[in-house]
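The following pair of complexes shares a single chain, subunit A, combined with subunit B in the former and subunit C in the latter.
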Partner chain A sequence: MSDPARQARALALLFGGLVAVWLVMLNFGALGAVAFRAEGLTALRNSDWAAVRFTLLQATLSAGLSVALAIPIARALARRQFFGRGLLITLMGAPFILPTLVAVLGLLAVFGRSGLVNQVFDMLGLSRFNIFGLHGVVLAHVFYNLPLATRILLQGWAGIPSERFRLAAVLGFSPRDTFRQLEAPMLRDLAPGAFLVIFLICLTSFSVALTMGGGPRATTVELAIFQAFRFDFDMGRAAMLALVQFGLCAVAGVIAWRVALPSSLGGGLDRPVQRFDLGGRGLRLRDAALIMAGAAFLLVPLAMVVLRGAPHVAALPPEVWQATGRSLIVALGATAATIAMTLALAHAVLALGGKRGAGLEWLGLAALAASPLVIGTGLFLLIRPLANPRDFALLVTMLVNAGMAMPFALRLILPDLRAELTTQGRLATALGLHGWARLRIVTLPRLRRPLGFAAGLTAALSMGDLGVIMLFAEREGATLPMQLYRLMNAYRQDDAAGAALVLLGASLALFVVFERWGRGRAGT
Partner chain B sequence: MRIPVFAAVAALTVTPLQAETLVVLAPDYFGSSWGPGPAIKDGFEARCDCTLEFRTGDVLPRLMLDGSRLEADAVIGLNTDMTLRARETGLFAHHAQDLSVLTVPVAWEDDTFIPFNWGFTAWVYNNTLLDDAPSSFAELLEREDLNLVWQDPRSSGSGLALMLWVDQVFGEDAEAVWRNLAARTVTVTAGWSESYGMFTSGEANMVLSYTTSPAYHIVAEEDDSISAAIFDEGHYFMAEVAGVLANASNPDLARDFMAYILSEEFQSMIAFVNWSYPSALLREDWPAEMRDLPFPDTAIFLDEVEAEARRSAALDVWLEGMTR
Partner chain C sequence: MDVLALEHVTSTQGDFALAAHWAIPEGALVAVVGPSGAGKSTLLGAVAGFVAINAGRVLWQGRDISRTSPSLRPVSILFQDNNLFPHLTVFENVALGLRPSLRLTVAERQRVEGALARVGLVGLGPRKPAQLSGGQQSRVALARVLLQRKPVMLLDEPFAALGPALRKEMLALVAEICRETRATLLMVSHELRDAETIADQLVLVSDGVAHAPAPTQQVLADPSAALRNYLG
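Let's look at the complex of A and B:
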């Protein structure tokens, strides 16, 4: 092995190692700070255990409903061809990058007390229903995760070889037989993974419970941490809750790891195999109804955000624009950090290979089960003796966002990097290309598409994140989601509607810009 | 040569004679255009030759979390149920004012905090939509037809007042009261504004607010359809206070602000900018719209020591009743 090659390997291991140390510090160092302050299980009130129970209940219901509803919708989408199918599937990726508060405002406009559905109920003489509480939290989570589940399952359908459907047709399978023989086994493989991913996402739910919970009955552990910290100034209890939350996430994370997460977010779902089990007119109508209901559930709230917000954007107070500026800085900073860290870690994973590489990869994915509020509480406790934590509000938010986006980025980038190494690696080495030059000339152009997608995802997630910032910032230094929450709290509905639209626009724009860049010269 | 150099240095440090700035920590609603902030700012700046800057947010959390790192001269908007916790931070200095002008209905001897207005918490409703409002807390509990919106006692002063009000009136039975209320609660909001906004846009029959809230609708909107339900059991008294911070960079100016709070000018304005009773103005001098509002027969008052002593246990009961 030539010297530059060894140098490059050493460099990859060095940077990857630094990232690994940072991740360990972020995920476990903050936890250590928290554990140091924790006061033992006796510090927890009954209501804290109620929060634990509620967290598990809502996550189970949210994940269960999302997957259960996704099965018929994905099945209908898989066997039907219609105008706009590709667009609809693309749009189903949107909630993933949709800021939570925007989704909440959209859902309130449809399902809230004076929302569309209740207006219809009113006209029909039915009594209005109340959105706040468990059902509100679950509704918001299903809104978020039904599209994710649908996309994961659609991949499963796309993965069933078309020859089998052909064979099924030859054998005269009815749609029911097809389901039992071909589709059910696939679902048995994929559905548990989809359930666990969504369960994990809902386990750390903060802003949905904050806005849709409607009181202590619907408090998640994540929200209880915030309340203990902020309202009771009880760092010991906040720390203890943080430990409980970490335990929940760790257990769920390990189970999810064992069941093997479906490699989500993949593209190429818009070319259906030719299907013969299309059934009669009844089945066609049922599929159409399912698809339309799913699309309406997804699109009407978003349309409401746009319709309600548009008239008020021009008159937004200056704080909203200042907050937008801050959020853009945070989002771009988080994106740069995520991409740099992911590239470093991915290189190290491949350079190490084997068990140790897998261990490193696991560390990168571990953040999927990490709780932002736990990390935030830990960092607050670490910074406080040294400096004013408020001065670090944006930096901490940026770094925590970067950590949270890392699992997705790693999953997107690692396979392509691995492919690059096997296909181009030897040639590049033979040509003596190493280090920065190789990264610039060989690696980055090949990785452009996943890099663009990962960057877009990170930027949008960070733009819309409401979590850690709530521990660190006051009115001054608020990010756009926090400013939006404040406007909602002050019941300034017009300003809130306008700010929600700005937030939606900014998140989508960030995603589209990066993703376009990625597609720009892909595959050269 | 020495003297001119000295003079030049002095000139450099002194001549950029910027008006002094008084930084006052205040609750969120102070900063909004409809809150009391703008009128108080104009009033004080007219007499101080300075700039008054309200730094708004959650006042008590900020005091507790920032401690000595807090950069402000004075605080306004804490209430009597929180003053002990605020006092115990050790962040406050004496206000150095003569309190004999106070007219609050409780004896007030405190060299740290000055009440600037006061009121009673009450359930507020629209009298054109609800013509048989309950006349006691006990009756409210039997009225299953009414849905309510109110505030979290952990994050809101009025929510905390409700919690202590129920604790005082119902004692042992408080948990059952919360269970009862929870069943008819649209939502418990973090702050007052969101609740009140939901109420005014028709999302609840009654909202937890103050006996003085109707005055706003009468004066500012010429609308007399909003009333406060006066309860036989009495209403919970709450005063909002201000104080000087010990590490104020401008302590004299902060004390001038305290003097302004007790001035007749401030007191005759506060009723209509903060929609509450003035703390240093005789009742006959209150604006007629405020004076004529139904006034509770019985005031329930817990001093800060009593309020703080009950808070934690009452909160457990509240959480218990609300989560069951």
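Let's look at the complex of A and C:
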């Protein structure tokens, strides 16, 4: 008689293995293709080394500033209780799913040439400042990552047991003592991880550098790959740059792997710990100012996108709506692929267990340090001898997006799957629940919440992604972010504002729909 | 005739080892007693297939089932906790004993309703386990065991969280079910009194050995040195 338990295990290992092979191909094979097809590597020019230096500089500054600013804001948020606190913390998760170009347009509306800040400068008779260049790139990255850093650190504060604060109160600690004895040790644990996560994110920055960078002096490696590929069609240089980028990411990834990375996606942040070190009026005012400044930095650009875009949505040209449709297909396809691959890999990780399981898990997370442009270039070169790569623009975008979202999905799903297996695995096994029946009756209903969250995250990230598609697509077949980029480049400001609002709405809607689905009827 | 036999079985986990070499006849109601940590759950796990054995064989009607996966063994098992899926209804939880796919024919649905009625839970099918009392939850699990119709029932203290009166009620129900289905029972027990009420044989687990079963009355009337140690 065939043994269903063994069959199920074999199936899990088979599918997980296929996913693993695919990930290896995506993360390493594409690089090999670039190196192989380059027909000899071209030496890097001085401008390429400038790109490497710029990449490291902006990533260091962006990560450093994000964490440094997040510390006082998270501290103020952790000890204050006010109306709308929960909402504000929820909103801090929003930039993560915010399309880069939308953020850039919002920032331009505030800090750009004719933005709010320069209008104030005009009134005061000060000379306008130019946002493009290093400070523009760093500003956009901080806008993106300050909320992420704040949430990571807030989790650290939430993790300090309230009994310690009570003890501190009994011992008569001042806020400064509390900081030194309770908060600083937590920061020493968490801040390096937060810095590294943001550093990694900024290392592969493409669309921010594309839009906020200023010419050759503010070009990231990722952007240089794109330029070498698209404008010069110099495969040798693109390959060389891809190798450099891979090296940078690998080194940073290995360091990040050593320092345990914090997970920023967990819940439980909306419950403030009862605190006794609230200090006097001065401290309260300072905290309020910090929280308001942080909120304004986050919310004003977003509000500007909505205000500027709303009047122009109705008059958008049909290309924008067609691009929206294409982007929705890409996003939904990437979501389905990510969820399927993540479930397969997670099952295989747990079926293998031990060191080999951990190795498989590492492979799933490796994409965190992968460069989409390198992967895209590799896939382009792999497809070219067989077919016209342009025909595969959407499919490749979908698959690369799915690969990029996988580390996040795996981090969300694996812990819950592991917990489900420990609490109810034996029962399911004893009842002969295996394979598809188990997935349908037990696993999927139990994992609904993380699945919904991961799906929402993937869909929103994929909807807003501007990366690989830039290598592949021609005039036709653009996604919405690409269409938006074209409108911006053509100085069609009104259409761009309208399209940005559509993109923002679509990303948020995708996230909310999936996340709601995950929350509904969650198994108790 | 002996139906379930443990042949020179040893199971080692780290520096813990359990050995057993005995058999029990069909329809026997056996209680497994002994100090905590002695290996009572390990013994049941080895029979159910959740604990690997390093040596020896587990035999069912003379057939080696040592390598058979849990769901294909002739046993049903109730664990100390997590015996129900919290996201499934009472009806679905019971129906899993009949069809793990939950795709039931009309006749099978009636059998599930019948099992629920048998354990006194008429009309509670649509509820979720969290909406039931502890005793009712135990009854749901027993209704599923009833439907599984496996020849051996293993209980790893599933009623430990219930009060004494309720536990007695459940054990009476278990005894009835075993009699009806002519099942053989192997139950871990902390309370010697529980064992006394329903078990006709006792297995003492101590010092890494699961001793051969002996008639309950006889064992209690003339306890061995190991049992005297355990009883204190």
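Keep in mind that, in the parts below, the second predicted complex is superposed on the first by the 515 of 524 C-alpha atoms of A that agree within 3 Å, B and C clash if a C-alpha of one lies under 4 Å from a C-alpha of the other, contacts with A are read in each partner's own complex, and residues count from 1 in each chain.
The definition used in the following text is that a residue touches a chain if its C-beta (ideal position, glycine included) is under 8 Å from a C-beta of that chain, and two chains touch if they have at least 3 such contacts.
None of the values given here were measured: they were computed from a predicted structure.
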Q: Once the structures are superposed on A, label A:83 by its partner contacts, choosing first (subunit B), second (subunit C), both or neither.
A: neither
Q.
For A:4 in the superposed arrangement: first (subunit B), second (subunit C), both or neither?
A. second
Q) Where does A:50 make contact in the superposed view: on subunit B (first), on subunit C (second), on both, or on neither? A) first
Q. Which chain, subunit B or subunit C, is in touch with more residues of subunit A?
A. B
(Q) Just to be sure I read the superposition right, which of the two partners does A:490 touch: subunit B = first, subunit C = second, or both, or neither? (A) first
Q. Following superposition on chain A, which residues of subunit A contact subunit B and also contact subunit C?
A. none
Q: Report the residues of subunit C in contact with subunit A in the complex, numbered from low to high.
A: 48, 50, 68-72, 76-77, 79, 82-88, 92, 96-97, 100-102, 128, 130, 144, 148
Q: Flag every residue of subunit A that touches subunit B in the complex, lowest number first.
A: 45-47, 50, 113-114, 130, 132, 214-217, 219, 227, 230-233, 388, 390, 474-476, 486, 488-493
Q | For the subunit B and subunit A complex, residues of the former touching the latter | A | 28-29, 31-32, 55-58, 61-62, 64-66, 69, 147, 152, 154-155, 182, 185-191, 193-194, 196-198, 201-203, 316, 318-320, 322-323
Q. Where on subunit A does subunit C make contact in their complex?
A. 1, 3-6, 423-424, 426-427, 429-434, 437-438, 441-442, 445-446, 523-524
